[in-house]
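This is the structure I have questions about; it appears just below.
We just call them A, B, C and D in the order they show up, numbering each chain from 1.
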Amino acid sequence: MAESPMRGVFPILVTPFDNSSRIDEESLRKLIDFNVDSGVHGLGVALGSEVFKLSEAERVKVTRIVVDQVNGRVPVVINTGAAGTDLAVEYSVTAEENGANALMVMPPSFGPVPIAAVLEYFKSVSDVVDIPIFIQDTDASPVPAALARRIAEESENVRYIKVESLPTPAKVAAASAEAGDALTIFGGAGGSYFIEEMRRGSQGTMPFCTQPEEFVQVWDLFRSGDENRARSVFESRILPLNRISAQSPGAHYHVHKEILRQRGIIGTAVVRGPAAPLDDLTRQELQRIIDELYS
Amino acid sequence: MAESPMRGVFPILVTPFDNSSRIDEESLRKLIDFNVDSGVHGLGVALGSEVFKLSEAERVKVTRIVVDQVNGRVPVVINTGAAGTDLAVEYSVTAEENGANALMVMPPSFGPVPIAAVLEYFKSVSDVVDIPIFIQDTDASPVPAALARRIAEESENVRYIKVESLPTPAKVAAASAEAGDALTIFGGAGGSYFIEEMRRGSQGTMPFCTQPEEFVQVWDLFRSGDENRARSVFESRILPLNRISAQSPGAHYHVHKEILRQRGIIGTAVVRGPAAPLDDLTRQELQRIIDELYS
Amino acid sequence: MAESPMRGVFPILVTPFDNSSRIDEESLRKLIDFNVDSGVHGLGVALGSEVFKLSEAERVKVTRIVVDQVNGRVPVVINTGAAGTDLAVEYSVTAEENGANALMVMPPSFGPVPIAAVLEYFKSVSDVVDIPIFIQDTDASPVPAALARRIAEESENVRYIKVESLPTPAKVAAASAEAGDALTIFGGAGGSYFIEEMRRGSQGTMPFCTQPEEFVQVWDLFRSGDENRARSVFESRILPLNRISAQSPGAHYHVHKEILRQRGIIGTAVVRGPAAPLDDLTRQELQRIIDELYS
Amino acid sequence: MAESPMRGVFPILVTPFDNSSRIDEESLRKLIDFNVDSGVHGLGVALGSEVFKLSEAERVKVTRIVVDQVNGRVPVVINTGAAGTDLAVEYSVTAEENGANALMVMPPSFGPVPIAAVLEYFKSVSDVVDIPIFIQDTDASPVPAALARRIAEESENVRYIKVESLPTPAKVAAASAEAGDALTIFGGAGGSYFIEEMRRGSQGTMPFCTQPEEFVQVWDLFRSGDENRARSVFESRILPLNRISAQSPGAHYHVHKEILRQRGIIGTAVVRGPAAPLDDLTRQELQRIIDELYS
């Protein structure tokens, strides 16, 4: 590994849609610039991008727009996991061809999958690309630390893990203890335990793309040793959004798009189905937070 | 509903692959004829077809081959469920355009999805097609009878449910009691409780495509009132394969392709990953059953 | 229902143990007084009391101590759910005989239990007591709002539901909409969404017993219409403990006992197994919070 | 290990109840003799005994009756798992004092339990007894083979594992490969894959207590090398009951008690709640099987 590993704040971009549910390229480009200009260290396209609701053509389109607009300023991580190995391989090769700097791959989660098949799935993807791969550990398909280690040992390009299954601090600690020499660890779950994760060995996080300034600020303060100010920024500015994002299933999609819309960065807050809209009360609670944070 | 509802034995076709994991069209056509010639009442492309491991182009290709080869002899049901509503709509419209006679749609299962979003997902699909839709009730995304009724009430084209989450006899009984007037019920889960399901109100089943003669025979015997002979055929010929199919996760894919290969119907027993091959012992057990049944 | 329903802050008492893992009666009595003196509106013995780790004799002992020490100052709710109906009936009768003012019962969660059996379980308990019953909705055994309504309709004494499965705000809203006329709703999950739950119709909460003053303060401020100050108290004093309690599985038991120990209310922070101790880092993080809050 | 390990057919006794839901001692004694006289190699009290619906006094009573009636003719295994370590320790010591020859313990399954806590739980039990312990691997609390090995390495008396989580053949194979030197493996899940399990290294099974003659016969035939006749007995006599037992949640309790009642071995078919009675159709299907097998 000649190059130094990626680390820092890698927000996951939402996919902006217009009112007809088509990808809104202009908004996506603005969103990318907003994040890069805020000093993020990388950008990702993943579950928070509703990637599993995109057609294959749309996946390619999003990848190309992101790579083009980022234009090498920061590394781009593209989620290419799939229910089938051949599909994951195909999505991965395509992403690399379109300029992705790294891939993020969750294990297949459709039905019970034997360990041997999970190992082979990651190896198949690793063998056809020349860019690093993040193992994605999610609630739907958690990756225990011992399995992460085995995957990394057998798959040359698997060099990162993004820990996203709750509770993340315990998971990051376990990954660090069992696989920290083989894998660089990123935290996840919307950054809800960003600071606790860093204390336990994470080298970065993949939060939503709504508050890149704040996340970079926390990162910088923490790295400079000023934990108190890091906590203060986190608690006053990031935590309120984390909490409202978690208060009903799927709320986070609406919450973040609505904020970006009100901040003038994307054109609509349209979330693709299956999605229940925020109820009135949650909408009011969100508005109060937005007003407090951004007006 | 002018036309009478579909009913009977609707095997789910495996997708034959060649040794490079490409779709083997010739084998697929032979497999279709084998099933239609055995007297099945319909054919399906669904989970047993590894549909979730196919690219979008491959989904279209399989649909076209099946519709072309069946050539109107029996109705064709195509699985078009997806993690996103827009995708399910797109897959459904495409399937109908390519000649599907019915669709089968499982609820979105990626993460927790509110009931309201499930209802809207089915309504969105129903509103853009003119062919009947099966609700697919699976272990990954079970559909309680009361929810099935609500879906049917709100979605005009949803007129069937395939009950596949175990234990199916209890589920078929519940669906029949709560939604039997709104939905025609098919059994599933490889036909393991085919007769018990019929006793509780199912009007058909969607088994594997390996034993169409036997399933049609059981169906005919049962409908003619000869339950004893129906049971005898079921227990002596179908049950052994059901049991070996269930003895390790994913074994069923290998079991059925291997039988079809040995019977000369498809060219290889290749199963796409993620899949662990059968171990030697299971392979021997399978061979003994194949020898007993087919040599 | 002549009497007015219970409502307000009903902390769940921890069960203090000595260093030999025996119940520490003196600490328990101090803990009760600490809570009653802080103005709580009721007290409970439930999962947070490690009730499922107590022998039957210990359950009786705890109930008697609590009833005796409370001495009628506030109502006492005792958790009497069990894996078997006969056991739940026996525990419930015993709790009532020993002076409980109300019961809290979770549905049986051992293996899949048919709805009809859940209904009969609650009815069996309801039929043998003369005190009101809370349905307990937990992650292990969630109770959808429609089921809660059916239970209440068939079981005369079931008049409350404690909503504890996450995310609670959405669950409280659903319970309120579907069963609000039949059931008084309490929130749960350590009070993490206390204010959001009240906005959606909860009439009380069952938090840990570590911060009764703060919870009563938030309750009073909210009821008096001063949501801003309610939020301020909640965010500055309650939220930090909620977050650290959730950062590894089972951490909450240790966190709350350690605080109570340091505040001089109970003698040890012993948690019964199965329990992994807090790791050093979490212990430091906890200490920092304790110091900020209580020194 | 001076003595040779236990192996063979160890049926799990049902707990017979009278019409008032009290333990029917006379029936239990008859049931024990029926099993011992049929040549079983051991007897157990476990989940199939509805042990989780028994009060602590009833657990003791059942243990004493079983030990007394068996009177040393075969070893007696008592299930002493619990939600809390102290309880499991107490139940285990009590069972040993009352004459149990071995214990069976499932890991705590109430809520997420860290691995370290599971290990300590088993060690705590192992340290206070002098009889061997079975790890119980169930659907509610599965024990992967690697964890079973770690438990055995740390807990001297843990010398057996009963594999009960489906699909058992794959699980037995994995346990055999990873922990076969440290643990003697028994199969479970009602014996549904008894022969397949033996082929993969199981040294015994813990089926229901309804068909001891047939299970012993299969065991003897298999051990003597006559697999064909073993299969024939299994398929014609055991399999039909296995299938009907699995066709609705909890049906197995009713099925086995009803058979024992009709065979004149126990007095009633009363199953303790939570339990939904068999519906009429299942009752008819069961009667037909009983008539075929036993009239």
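Here, contacts are C-beta pairs under 8 Å (C-beta built on N, C-alpha and C of every residue); 3 or more make two chains touch, one makes a residue touch a chain.
Just so we're clear, the structure is a prediction, and the values are computed from it rather than from any experiment.
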Chain whose mean Cα position lies farthest from chain B: C
Given a C-alpha superposition of chain A onto chain D, how large is the rotation in degrees, taken in steps of 5? 180
The chain pair with the larger count of contacting C-beta pairs, comparing C-D against A-C, is C-D
Taking the mean of the CA coordinates per chain, how far is chain A from chain D in Å? 46
Whole-angstrom distance, CA centroid of chain A to CA centroid of chain C, is 35
Residue numbers in chain C touching two or more further chains are 114, 170, 248-249
Touching residues of chain B toward chain A in the complex: what are they? 21, 50, 52-56, 82-87, 90, 107-108, 110-114, 116-118, 120-121, 124, 139-140, 248-250, 272-276
Spell out the residues on chain A that touch chain C in their complex, using ranges where they run on. 166-170, 173, 193, 196, 199-200, 235, 239, 243, 246-249, 251, 279, 281-282, 285
